[in-house]
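Have a look at these structures, which come just after this line.
Both complexes below contain chain A, partnered by chain B and then by chain C.
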Partner chain A sequence: MDIVVVVKLVPDLVEEIEITGDGKTVDTTFMRLIINEPDDHALEQAIILKEREGGEVTVIGPGVEDIDGVLFTAAAKGTDRQIKLTGDFDVEVNNHALARAFANVVREAQPDLILTGVQAHNDMDGALGPLMAEYLEMPYIGYVSGVVMEGETCNVRKEYPGGLIGEMQVNLPAVLGIQSAESPPRYVAVSKVRQAMKTVTLDEQTSSDLDRKGGPAVSRMFQPESGERAEMIEGDIDNIAEKLVEILRTADAI
Partner chain B sequence: METKMIDTSTEFIYQFVETVPEGERIRLCLQCGACSGACPFGFVMDFPPHGMIAMLRAGLLDDMLKSDTAWMCVSCYACTEVCPANIPVTAGLTTRVKEEMLLAGNVPTELQDALEKAQRYFNPLGESPRKRAEWASELEPEITIMAKAKRPVDVLWFVGDYASYHPSARSATLALTKILNALDVDFGILGPEEVSDGDSLRLAGESGLFEMMVDKNASAFEKYEFNKIFTSDPHAYNALKNEYPRLDISYPVQHYTQFFTERLEQIQPLLKNSIDADVVFHDPCYLGRANDIYEEPRQLLQSIPGVELVEMSHCRGNSLCCGGGGGGMWLDGFRWEKAEARISEWRVREAVSALGNQETTSKGGRARILAIACPYETPRFEDAIKSMPGAEGLIVKDIVELLAESMGV
Partner chain C sequence: MNGEIYVLIEHLQGQVSDMSYIMLAAGRPLADASGGSLVAMLLGQDVQGLASDLGADRVLYVEHPALAEFSPEAYLKVIADLIQQGNPRAVLLGETSIGADVAGTLSARLDLPLVSLCRDIYAEGNTLKFVSQIYGGKVLAEGDLPEATTLMTMVPGEYKAEAGQSATAPEIVATSPPDLEGLKVTHKQFIEPEAGDVDIAKEPILIAVGRGIQQEMNIEIAEELAEALGGELCASRPVVDQGWMTTGRLVGKSGKTVKPKVYFAIGISGAPEHAEGIGDAELFIAINTDEQAPIFAIAKYGAAADLFDLIPALTEKIKEAKGG
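Now for the complex of A and B:
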């Protein structure tokens, strides 16, 4: 039972996102990248499955800044192989290009199951999972929050809007878009990550030219603008709180 | 299986004796249970401190690690204070047990979140490291940030996590700035180059993360010239004074209560405004029990005209923790689930007992103040007051806020 987990890194929203002068891309000057949260859940789910069923887990990530830390942390958590895919992964790279590049590596690894996060906050051209599934000619199920292996198939729990849960069976190999792992991503002590840095080697593979066909062309990128009817409350915390209470009182809400 | 269990416990004790200062004292434990009686949360722990030692002696470390109640430990040194055999209970035993629990993956989710944030942003609050000095951005005169000023200073102010970022703790940070300016102290801060002191991360079992913070702070210290380090954060003080030197990072360091007490002659004439208040002082664990600083904060308070200092039932060496130590700042939900109690509320109740409630004191027109000297405490006690019937009107103030008010700065 071999699993590949595909992770991508997204802008860390702890720093405010700024837009470049041409108004079409995110300014990367102070931007830091962080593992996409649902991808972290996909990684956790893969390690849980390995602990339960045996087999190996391979994690693949794009060779952007901070990826080494993500891959060493994954190794410390329990992955067996860490692939760093190098290539021209700039801020404008789209999911079509990533999916094609990752699919090539996944195809070679011939896993039974491919897990990735169901979505990322910087997806502009659809989620990565279904695109990869298309290029790999495999079935895809998204919004998954539980996976049970059953021989050549696996049973998954898929979340629907409105609190509905669907249970379905899928033939392997398949791609699953993970919404949340069975348990929250585990903590790994810094000492264990440091140890992984000393003992684990990253498997660096080069991706050929990235094919971005199918992605969108951005005509304008901008911060949310307040609408005509919106009232922005200004001032320090006390003034804002006072004004809020007044508004809620006037509206008869409190 | 039996042999393996004996091995891990023996290994634990062996390492304890080898690596913890005074560690060999663990062998002197006579199981009196004083530590567990003094522990504010001893009553909910499956293995309070003396129970931990009993389990280790019985070769049952692995069984002990299955319980999560060691996370109730607030690293407050109450156990250490009363131990007749002088065993380093807080510095060694409970901290090492938490380390083992962390390595075994037995970590409450709330704590995990803070540790991950500290790993990524170098502060457990998860704030942007670039904004560490944002509190000082609009101050006049402008605060010296070492990287910009490129000059030696007399005093390097290590601001710390909560004093930098927490909105409730910031007013004390600003008051401290005003006093330093009024006293004409030549000081500077590291700004974004400063990271968490790491002490509470260490006491929450993350020694690797602590070492990471030490490395980062040490390389910032090394770049600049200064005569001493000064901090308002007792946890940072404890780390810089006692723990960094173990990793060969050694600078003279003072908590502000020490720094200002040394300058009391200069300060006294500046304390012009009377503050008509009855004041209790909450001894922070890492000033008091961990570092024996009891007199300085009281001297400063008593120098303020109008202030009447009253002692709470737990004070000085047997002071009661605010609940924020040893990872407690990031375990409120977990601890409420276990104990259905908040130590900060017990403490506020003691303050009310000592000072009287609003009804009994309103006639005299005197304010009732719970004075503190640690940035963890303002949010903890302010929240406790909000949820405690009878505590209305009790004011939480850092000593520096009272000094600044009296100085009129």
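Now for the complex of A and C:
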């Protein structure tokens, strides 16, 4: 059972977002990049499956800033091979281009299963998983929150609205878009990551020219207007608490 | 390419999703602007009756046993076939567990452009424009629809479901599916959500807890507030993923849609996946340290404060107010 996990790095939304001077992109110069959260769940699910079924887990990520840390952390968690795909990736490279580039690497690895996060907050041209699946000519199921291997197939739990789960069977190899792993992504001590940095080598591969065809062109990016905002309650903690009590009382909630 | 706008009707267990009606509402002005009809695509087995209130000019109805329940692979084949035959201007799908499972594969298979997370689509003269909601709702991106047949996945927010419903049944055109033999994906069964201790969809007062709570032990702070207000706890995705609250208390895309009298969101950023689970709350209060948090765009009252300071203070004052 060999699994490939494909991860993407995205700006950390905790930080303040600024739009570039030309108004067309988010200025990511000073933004910290982190692993896309559902991708972290995909990684966790892969390691859980490896622990249960054996086999190897390969993680692939684009060679953008901060990728080394993400790949070494994956190694410390239990991946067997770490591929850094270098190329002309800026943070806003579209998913069609990434999917084509990743598909070439995945194809060579010939895994049984490919896991990736079901979505990322900056997907403007669809999620990575379904695009990759089609370039690889494999079936795709997304919104997955549980995977059980059954020989040449696997059973997945697919989430629908309202807490409904659809149990589906898919022939391998397949691509799954993971919403959440069976258990939360494991914590790994910094010392273990440091150790991985000393003992693990990243397998660097270069992607050929990136083909971005398939995504839209953006003419303007902006932040939602302040007119649509809540009435903000100002003051110190006591003042805010008092005003909230008043509001709750007016609404008959107290 | 003609001016028609196709909309994929999503249905589960005999019910058409709100998102489907929202997309019909969004598609209508596009069809008018591009001079074509608004066409619903309804796939399934014995579900013709679901077409009766669709606000479309025409329904392409495709029936096959392999379509009895949603399958990304079978839907992909059928929709690809419909698009190739009909050559529409745009195809609207939900940014949902159904629509997003086929949008990307359709784009790659048919080599057609895809615009996702669309909140709004509108016509400016002859040009169709999209507005996508990215960065967890913190940024809107606008642009012209690509010139080829464009696939779009939509998020709710701009259109009302009622506007996509019709009192008169649309014309139904039965259409044969392509070959659906030898599929690699099969639906086995549905697993109903476990009946939890509480149905948050029916609770009048909800205290919603998000990532800002940081640790499981801190949920106690929210519990005390809930107790003081006589409400129940619910959560956004990160809290449920950590196992700190059961999935029965999840509000949002894969969770429940709630319509409480009071919705009190603490430490929730307000990403679209969560926001779409909040129906019309009469009173919506949000507390978050990040003044830019999108939750403040949907709440009625907000405070950019540290919940660890504010919530205990507020709980005390509510107790005093109730006691006095």
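Of note:
One rule holds in what follows: the second predicted complex is superposed on the first by the 225 of 254 C-alpha atoms of A that agree within 3 Å, B and C clash if a C-alpha of one lies under 4 Å from a C-alpha of the other, contacts with A are read in each partner's own complex, and residues count from 1 in each chain.
Here is the rule we go by: a contact is a pair of C-beta atoms (placed from the backbone, for glycine too) under 8 Å apart; a residue touches a chain by one contact, two chains touch by 3 or more.
These numbers come from a predicted model, not from an experiment.
By the document's definition of touching, of the two partners only chain C reaches A:Asp125; chain B does not.
Within the superposed three-chain model, A:Arg194 lies in touch with chain B and out of touch with chain C [touch as defined at top].
Once chain A of one complex is fitted onto chain A of the other, the partner contacts of A:Tyr143 are limited to chain C, with no touch recorded for chain B. By the document's definition of touching, both partners, chain B and chain C, reach A:Val14. Of the two partner chains placed by superposition, chain B and chain C are both touched by A:Pro184. Counted by residues of chain A touched, the larger count belongs to C, out of chain B and chain C.
Look at A:Ile237: by the touch rule set out above, it reaches both chain B and chain C. Once the two complexes are overlaid on the shared chain, A:Val218 sits against chain C while remaining clear of chain B. Residues 14, 184, 237 of chain A lie in contact with chain B in one complex and with chain C in the other.
Contact residues of chain C toward chain A in the complex are 12-13, 17, 69-73, 96-98, 100-105, 107-109, 111-117, 130, 132, 134-146, 150-151, 153, 184-193, 205, 229, 237-238, 241-243, 247-248, 250, 253-257, 261-262, 269, 271, 282-286, 290-292, 294, 296-305, 309-310, 313-314, 316-318, 321-322. Residues of chain A touching chain B in their complex: 12, 14-15, 30, 34, 184, 186-187, 189-194, 237.
Against chain C, in their complex, chain A makes its touches with residues 11, 13-14, 16-17, 19, 26, 37, 41, 95-96, 99, 118-119, 121-127, 129-131, 133-135, 139-143, 155, 157-171, 174, 177, 179-180, 183-184, 213-224, 228-233, 237-238, 240-242, 244-245, 247-249, 251, 253-254. Only residues 102-103, 105, 107, 109, 112, 115-116, 119-121, 126-128, 130, 167, 206-209, 211-212 of chain B touch chain A when the two sit together in their complex.
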